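Going in written order, the chains are labelled A, B, C, D and E, and every chain counts its residues from 1.
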């Protein structure tokens, strides 16, 4: 078990390295292929009145003159061992995990990320609760009443749900339920209150994003659950459970649901992990100051350390989520052996 | 100056005793709207973007300079008064305006008494000198203006307060005593008071300086100080107990508290402003198209709006290095063929966009003259006959193909490109749209001469606003060919006229403002003759007065609401 | 003596027709699995409706110039006379919808929304199809290779798929689409953008197909007909192409149909975020992004939104139907 | 009335391809303490019958008609809830593939405890003790430890034992074993068959054993029912079926089987063709297309469904051939063939 | 049956160990000794039956002989050629002479190929041109196995299990092999169909002069079709003898137990049979018992059985057995062995 976790973590580290290399390459290699010089790249970060001299200095300060490998090595070293940054009057230590500091705002990235994380977490957790309850509930009911009016209606809505782009749903829901028009019951975009400050306001502000995001996922989960449930209810062991004389409700919940939900656990883990890593479209649509918006803003400004930070954090979440899912899976399904 | 949101200068004090203004369109343009001296309340600002930096050495946004005056005092300040008076300079930290030497090369300021930082330590001339010296370090403070770096007579090899730690820079700045500061200029400059109102002269206590991290907590010398600062989200200011109103005639300091939220979706911002949820859209660049379409048809909303003209030109560079635009007739054909009303619409129409421009300098810049070398017909939609004539003269009677670049993230520039594409197509000039990332626009693409040639960027959508209301400030970065760098980065991408460079230098040597002004107009005309800039619109913005805000007015110094004077009901 | 139960004639003891007589063979005589699937599909009205819409959309995309010629105005043509010049929104009610402008006109320039939607279908479908093709090709090749060869090849490819699946794809795609210069790989303009998007989308969605194909290959590989071919002396390529691939076509087809809508959404998302095909070429996502700026004119958002929705829904419906038809377990 | 009686039981499934007549008029009865073997080829409706007796098609889309009398109660018309109450306690079932028939997520013990506690209100501890007891009874070594194992941790034989323990945990009066040994090796099969025989004696329950293996039925059954195409085609005491079979299909089955207990016959005697589809059961006698004697029935074979008639002492046959002809065919042609060396 | 001196197939000390790996680096932690040193000969024209319980290595043996698997050790000689480690390329021509019939008629036919393609595959793969074209050849073969040649263009799913197995047989016959290895050719079929196929195999053998190795777990079937029978237990050959000898006087206790476990379709004999009931299941081939592998279940086992592995020796003419305490053996031969 412990060795399994260690092995998985090693795998995760390798994966994060790959992810970071790819991100790095996009930001350095691609512009270089397009003919950007170190000074040229540095001149993004030196303000509007900079002289060539300043650009050169900046290029040096940012280390753009070094070979890519060296730059990348420095980045990785920062994560592992921390780094030091020249702030003018003195150097400042950026303790590990140091994801670098923004080329533009000169802020260390890590605290920024930690700052944004609660927003995305709030969004993801709230939405996840809604979509799991709704999706799984509807999926189970649909499966049990296969072919009924409810089933058909639910599946039609679900199919529509997975076919709607979230940036469109977001826009329409803002138009209909917000922007100060008569039906509005929800906050406009761009508001975020921390849970600790005011739980009520927190929920009120996130209501619309939650619903929109949850709608999309609930649709997917309803379909998944229904399919899983239909399959499980055809299993031999369900027949056995019935042959024992178990009540149908027990058969469904204790024997059917548990088995049907386990594969959904995996999907959920991945979805949730990806979502924490940045609900890019939702956060853009509702201008929530979460990691996804942070990533987009950073990309627009070509602020590499920020992008690296989010990408890595996002990948980390996926990896951790899938590790947790696998561990949970082993708990839920005794057949799974972690080796 | 900047191609983005332009910095400006600052305001003075007293809201004057103007008569209460009616709530009507443009009510805050020339008069103070809703004047009051009532103190207290929280003034809420929202920014759809974010500051480049809150550090006085490192910021170059007009709104930032406007706002900074709440927590930082420079040597001088724009008067807090509506209209033209707001573009005049008043002493701030200094007792009086600067005292120039006869040759305008030495400027002396004497500080007021009783000035204190937020922590109670007195403000001395050394703090001002230190602030300027640290601002010299562009590596640490890449964003801030560089006027003082270039104007003062710094020692050779001087690298700023950090890298040349104990170096003697008295050749540039002297502080004979704690209340006197003397600036030594390399060349005479009569408008130096405009320079000292810029943020780099806001004093910084050396003991509290943390370099690039100083932005996280700037030590206040003004009426408000930082309470909490979450970069990327917002911050709040509270009263500075060590600020003494007696030393500061320019700032009424009405609200008790100021809250700023950053990175808010622009449309949400407009809605919240209209609904009264917030007081000020701090960027001061005007509302989004959606809000505009709500405001203009609605008299009640329109009465809350102001529509100032900015010292800013939205234009398109026409690159003479790209064939066939190396031929002046081809460039003229572009001038004639362009549909200026489309240009105007692209920026938001006559209210949000601005007035159709016929030359570089907006009428509000001192010395601006009416120059219209390429009249675009009665309806403003271009003079196609003339355009064709010039096309023929250029040897391209059927038109030609070239590219037009713009900043991908800017919908208005995209619309401009689309408008030009459509209007030039009428005479056979085929444009292909080339969006580039904003962050690299000048450094890697449109501002990089070899790239322009290679990629045939005949046209580049561009824009420029003045740092302070002065012809030189408006024109220099736009037309001086010497700012063009082969490695990229300059916002002048098309003007390379030796005459113009010479004229600029000559104007600097002219000490008399009255004689300088016609020189600006001459430069403007000369550039237009070469047809290397296609002027689009002289920008205007549609601003909305927040509900319950008092002392609202727009000054020519800020070209947006003056934030120092504002209070809340 | 007659052995009553044993039809004489040794090897041919069971009369061939009699052997068949037991079951009713008429219904399925001479039908391949594909034909059976088609029969089932034909009975699935909803899937057929989906297919109908898809065909319609493809026709619309192909015939865009013709359709626009008769029913609209060129997609890039300005109609500023339809726009109120101070608010920049359409003058007429309902966003300017009329017989002339079926879906109304865009704010600002007054371009015909109908024709832009029609032309937008080209980009959407082109990118979605090509990207799907790319991901199918990559996914199939790598999936088959991983599944068939196993061992470390499989380990490497599977790891790679994990990495892709853990990637914050959208962020990554935006970053990539944003930094690629204007001219690259000998292409420029729309060609480059389309290729780039196809590459990004296709390249990032292959693991989904790859995983399916790998899994199927793994299970097919265990089937005895593969051993049978090997025991006849068949080589690797023969087994992959002749034995495995025909059996992979069904799952690939199903997943391709189900990946297409995902890719349409992906393209729309990238265009929405401003890194898609460049203006003024109309795309649905791009129109939605514009519409968000002019949200006071709701019809501007609704038509591109509906276009995406209907297209994606059609593919999903058809894909579901196809899966039920091709996958005998599906019922 | 016998302990279990089926009267004209029909179980039909409407499907897309047509109506599947899985069981089409099945009648038989069974006494306590005796064993019935049901044999038939794959798809002849054996499993559907057994699930039908347990009422497990209820609530599904099956169409059920006829009567099932268990210990004086009619089950087809009884409410679903009532039948559920009988399951496990009154009647229980052992399934073919114990691995898929046991829930993979619960321990063997839990699953037995669950079965026990449905019908006995005892606390978990008591139930667990009972489960350990049962596991011991069916010959699982170290039941105290094995009770906490999961099904996948058991070998095939042990799983089937656990399955039996589960089925017997409430002392059911009727036990149905659907191919209980098909998935097992011969040596293990022998163990399980012994076990079932012993347990049946001990519990004195009625046992239905379903299989394709005539050997297995011969080992266990008192009576044998041969199914073909959803119908009973021959029924009788084991000795009748093996020594005096009267239906050509039964002859075919016997002729198809190589036998371990005899030196090899020159040729096996298969039945030609393959089993019918239950959607399109051949008209008349379902077996007629495969029957070598169908031409001797004066063309009744494909028009008239033969009735299940008693020939003598509880031996029932469904065949158009005159009884005399059948007997002489068996005695003169078939039997000698089977015994040739 | 006559036995030529030269065996068609000769297997010597054949071994196959499947490595069991663990961890990221695929460390080998053990091996499944699926086939662990077996030797036998198959002579032209005869049928060798191989029986044993599930997992004892029968299929593995078959696959080794046909070189679908690479042997770990030992030697396979076919027609005088050592094919143990022959490359697949050199093996190709030899494959014409040695063919395999598979157990599962559903998985052994490619569902996407027509019957024509399936039966014609050998021609295509081996690059053989036939006189009247492949189609004619295929149709001839179909006729030979009792299928209607007109079914050439049908797909496997249109056939019943027995017919499918005939198709599989037809495929093996296409190249006129000398030897056919049949791995449980009838165990997936219903009794009535099973007999059809068994008869077909016999008829083909007579007609085409084939040599069979028939693997099965059904002792009755093996008894019916084999000339000689080999009994396997846990990867080892425990007994190898002519059919009659083996069934009438089995020497190995395991063989004896195996036969007495088979239910006899004769109700009269259900009580009078003398039975040997083995306890427990077959041990795992991962850690087989040492020495005589049967000792854990053997009622005759003594101390020596746990330490010394009995060799496979010929205790009677043409009757080999590997046991320390064989049954049905004349005294002399036992002594001969111990001497």
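Just so it is clear, contacts are C-beta pairs under 8 Å (C-beta built on N, C-alpha and C of every residue); 3 or more make two chains touch, one makes a residue touch a chain.
Predicted, not measured: the structure shown is a model, and the values here were computed from it.
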Required steps from chain C to chain E (each step between touching chains, minimum): 1
Selected pair, greater C-beta contact count between D-E and B-C: D-E
Whole-Å gap separating chain A and chain E, where each centre is the average of the chain's CA atoms: 55
Geometric centre distance via CA averages, chain E-chain D, whole Å: 31
Centre-of-Cα separation between chain D and chain B, whole angstrom: 93
Averaged-CA centre spacing for the pair chain B and chain A, given as whole angstrom: 39
Residue numbers of chain B (touch at least two other chains): 409, 437
Residues of chain E touching at least two other chains: 160, 162-163, 196, 199
Two or more partner chains touched - positions in chain A: 11, 31, 34-35, 179, 300, 302
Complex contacts: residues of chain E adjacent to chain D: 53-54, 160-163, 190-196, 198-199, 202, 217, 219-221, 223-225, 243-244, 247, 257-270, 275, 277-282
In the complex, chain A residues that touch chain C: 11, 15, 18-19, 22-23, 26-27, 30-31, 33-35, 159-160, 162-165, 167-168, 171-172, 174-175, 179, 270, 273-274, 277-278, 280-281, 284, 292, 295-296, 299-300, 302, 307, 310-311, 314-315, 318-319, 322
Residues on chain B engaged by chain C in the complex (per definition of touch): 267, 288-290, 292-294, 296-297, 341-342, 345-346, 348-351, 408-409, 411, 414-415, 417-419, 421-422, 432-437, 455
Residues of chain D that touch chain E when the two form their complex: 41-42, 155-158, 185-191, 193-194, 212-221, 238-239, 242-243, 252-261, 263-265, 267-272, 274-275
In the complex, chain C residues that touch chain B: 76, 78, 80, 83, 85-89, 107-109, 178-179, 182-183, 189, 274-275, 278-280, 290, 292-297
